[in-house]
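Next come two complexes, and both contain subunit A; in the first it sits with subunit B, in the second with subunit C.
For the complex of A and B:
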């Protein structure tokens, strides 16, 4: 589709999400779909983020709370296992950290420029709480 | 394909392939997309969707992008329900004439609208759809304010809430009228299913959505959608606010079948005082001044009264 200027709208516009035909969308994973350039999947909102979630798989119990409560489809889960965070679509709201039930949390927010490997190496220890 | 998707637990649910995409322009921490994801993932069937003008529409369909992997239409502020109703009527007509190319597929017809587009502007249209008995589902993303245009009050805005057209200040405590009881109004149409849901109770939500998709006839769903911008709380607290809404019984979760039988589907183990729900949000901040404290007491009384009413109705089965 040729890009149009803002004043060159048609009265109604139809956008196709996919290039080609997908018969069973609900049975096709995102990485197997041929998204067209009109799908927001191909766009990125990474520049919205001031803080980013870092995932530490050592403590994860695969409860999938973060997956269900992520507003931006950014928690990637495959075969009932949490794989990681989709950093193109994450807006850094922090809901995933808030709903994480493990102790210590398996997801924590860090400043955008933080180095992931260093943070995972210095992960906080288990919080025993007050006896 | 028309069989009901089997979702026993969250792990099983997490194998769903999302049909709603990220990089939409909703605020970080917006509950709209959480609700939409829970609804779309509740089924494997084809979807025919529409959205009214509102946050969800303007943020998921910013030219040249779309965040929907299913057929989706937007027409106007008021008529997401009728757009889908029209599609459903056409589907029925083509089916009757035997002109469907894949008659074995059973698409689900769902319209999304905000509270402004449902409680106020689209009210007549929704009422029409419910009355005509289309086989569709209308879902209200109830954030209790016109969030898209900057936080004007809607008829869903509760008492004491400070909205831009009902600001709290020296002479006013904000919105003075009570929230419209949309559930009762819709149930009074005698529709087969009406339910109130909350994104934090995903299992309850999925169960209700699946039930709504299985019944033949119009279905009305009212979903509470905590709005981080207009309710004024931190984006990370969206789910905590939703928890408070259901556990303080400000948003009781219940369903009404055939306009008569009322079932309460979630009873909190520990009911939290309404004060905590109000204190967590900036839009109710002024209620904690000495001169307005009586409003908190009134809030609690109203919530208790409503809960008692729901329980009486559940017992009476009328």
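For the complex of A and C:
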């Protein structure tokens, strides 16, 4: 972001989330919203993450638990179907994995450098001992 | 409108607290969040009563501390409401963190600060310790010497604070008990006149504007912080005073009551003068007139606007005086005193030959008597006659025990 002089910004410790006026924000998908450069949506914090969630859609029942519990709104859901994780904002907390009710889980945590396709290919089998 | 108007007489008998509460009612303040503290309690109590009785369409928010009180005021101001509160002393001390938040966030809030000593030892009476403590907090500060001025300055405070070029919170100071609890005749405006003077609240960057979402109270580090602070200081130094003068002039037009950043009394030909604040200004004026009857050309300078400091107006008022006394009603605790320093700073690069001495007085509600001021004027005249300060630069007035003098 360009470094402005003291007289070049709006007064107050205040930032605008969107460029210009917005309407029907609830009906507009994140990727279609005019987020300003000041919005955290446009800033990647991926480098905060040490471990990452990998999503295996084969086991997902679209219960939306992960979507509800994610503290960073990083579970991307469309028409109540989980389609992936926003890796620019996910900080690797693992809450989505913790709340996932399927057996095996549909989300698991792996080291940041792990290859997604390999991990999905080696996904754990159903735990028959679990009630 | 969903509230009743109040019939007021031409002259009402109000103390400073009642005058402030009535001004908050007439300004139709939307939110008062407060944690009542002596001697400011009747201000927020009054607003709460007016709200309960249907005279204000607003909200009184009870909170668990003064820190929470100012935090709630900040939230309400960021949301886009007209906001005010009141506190004193320890309450202000607990609020101090959030005072800096309010001014940095450029939120218009009017705080009635009923000046009271700071512990320890605990004391509920008037001195200016609390006013002095937060003088660098970025708030505009007015000082009232009597209930009429409390009322007037409250109405004017909203107009200055809420202006979109200013957007800085304003403190209206009054002396604890001496002003806050002393009933005097006050000439109020009618409800309609007062509201017309203050004007409709015009929100700016308010959080309830859902079409323009904003984040208030952001964090900045070494890359942005300095620019924000510079902007705030610039606006205090260049925009606040012209706006204050404009509002003072508007108020004079409407009421005939004239306010100045520096209030001069008998200063045109004064040889000696006292510079002070609060109710002491009125005592000093009375004594100055009596000194003139005795052949001493005495004057009084009262500071009306404490922040932004009227730097050049102070220099202009004092440059032709021979001897000046700066009266600080707060223990400088290891320094010369705020008024002493401000006056010295304002005069230093001028050609004045004025002699400046400082006095610490009135701590914890100790009276400043007329006898004290007579002795003080005589001492100033002796300085003027000798052409030098004949005492030490800092003395204590009215304290028991061996004489205290420093510097």
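Operating definition for what follows: the second predicted complex is superposed on the first by the 118 of 131 C-alpha atoms of A that agree within 3 Å, B and C clash if a C-alpha of one lies under 4 Å from a C-alpha of the other, contacts with A are read in each partner's own complex, and residues count from 1 in each chain.
Definition applied: a contact is a pair of C-beta atoms (placed from the backbone, for glycine too) under 8 Å apart; a residue touches a chain by one contact, two chains touch by 3 or more.
Just so it is clear, the model here is predicted, and its values are computed rather than measured.
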{"item": "Partner chain in contact with A:5 - subunit B first, subunit C second, else both or neither", "value": "second"}
{"item": "Broader residue contact with subunit A after superposition on the shared chain, subunit B or subunit C", "value": "B"}
{"item": "First (subunit B), second (subunit C), both or neither touched by A:121", "value": "neither"}
{"item": "Which of subunit B and subunit C A:15 touches, first, second, both or neither", "value": "both"}
{"item": "First (subunit B), second (subunit C), both or neither touched by A:77", "value": "first"}
{"item": "Shared contact residues on subunit A - subunit B and subunit C", "value": "3, 9, 13, 15, 17-18, 25, 38"}
{"item": "Touching residues on subunit A, where the partner in the complex is subunit C", "value": "3-7, 9-18, 21-23, 25, 38"}
{"item": "Complex contacts: residues of subunit C adjacent to subunit A", "value": "104-107, 167, 205, 211-218, 220, 223, 226-228, 230-232, 234-235"}
{"item": "Footprint of subunit B on subunit A - complex, ascending", "value": "1, 3, 9, 13, 15, 17-18, 25-30, 33, 37-45, 48, 62-65, 67-74, 77, 79-80, 86, 88-95, 97-99"}
{"item": "Residues of subunit B touching subunit A in the complex", "value": "10-34, 37-38, 43-45, 60-70, 199-200, 202, 228, 234-240"}
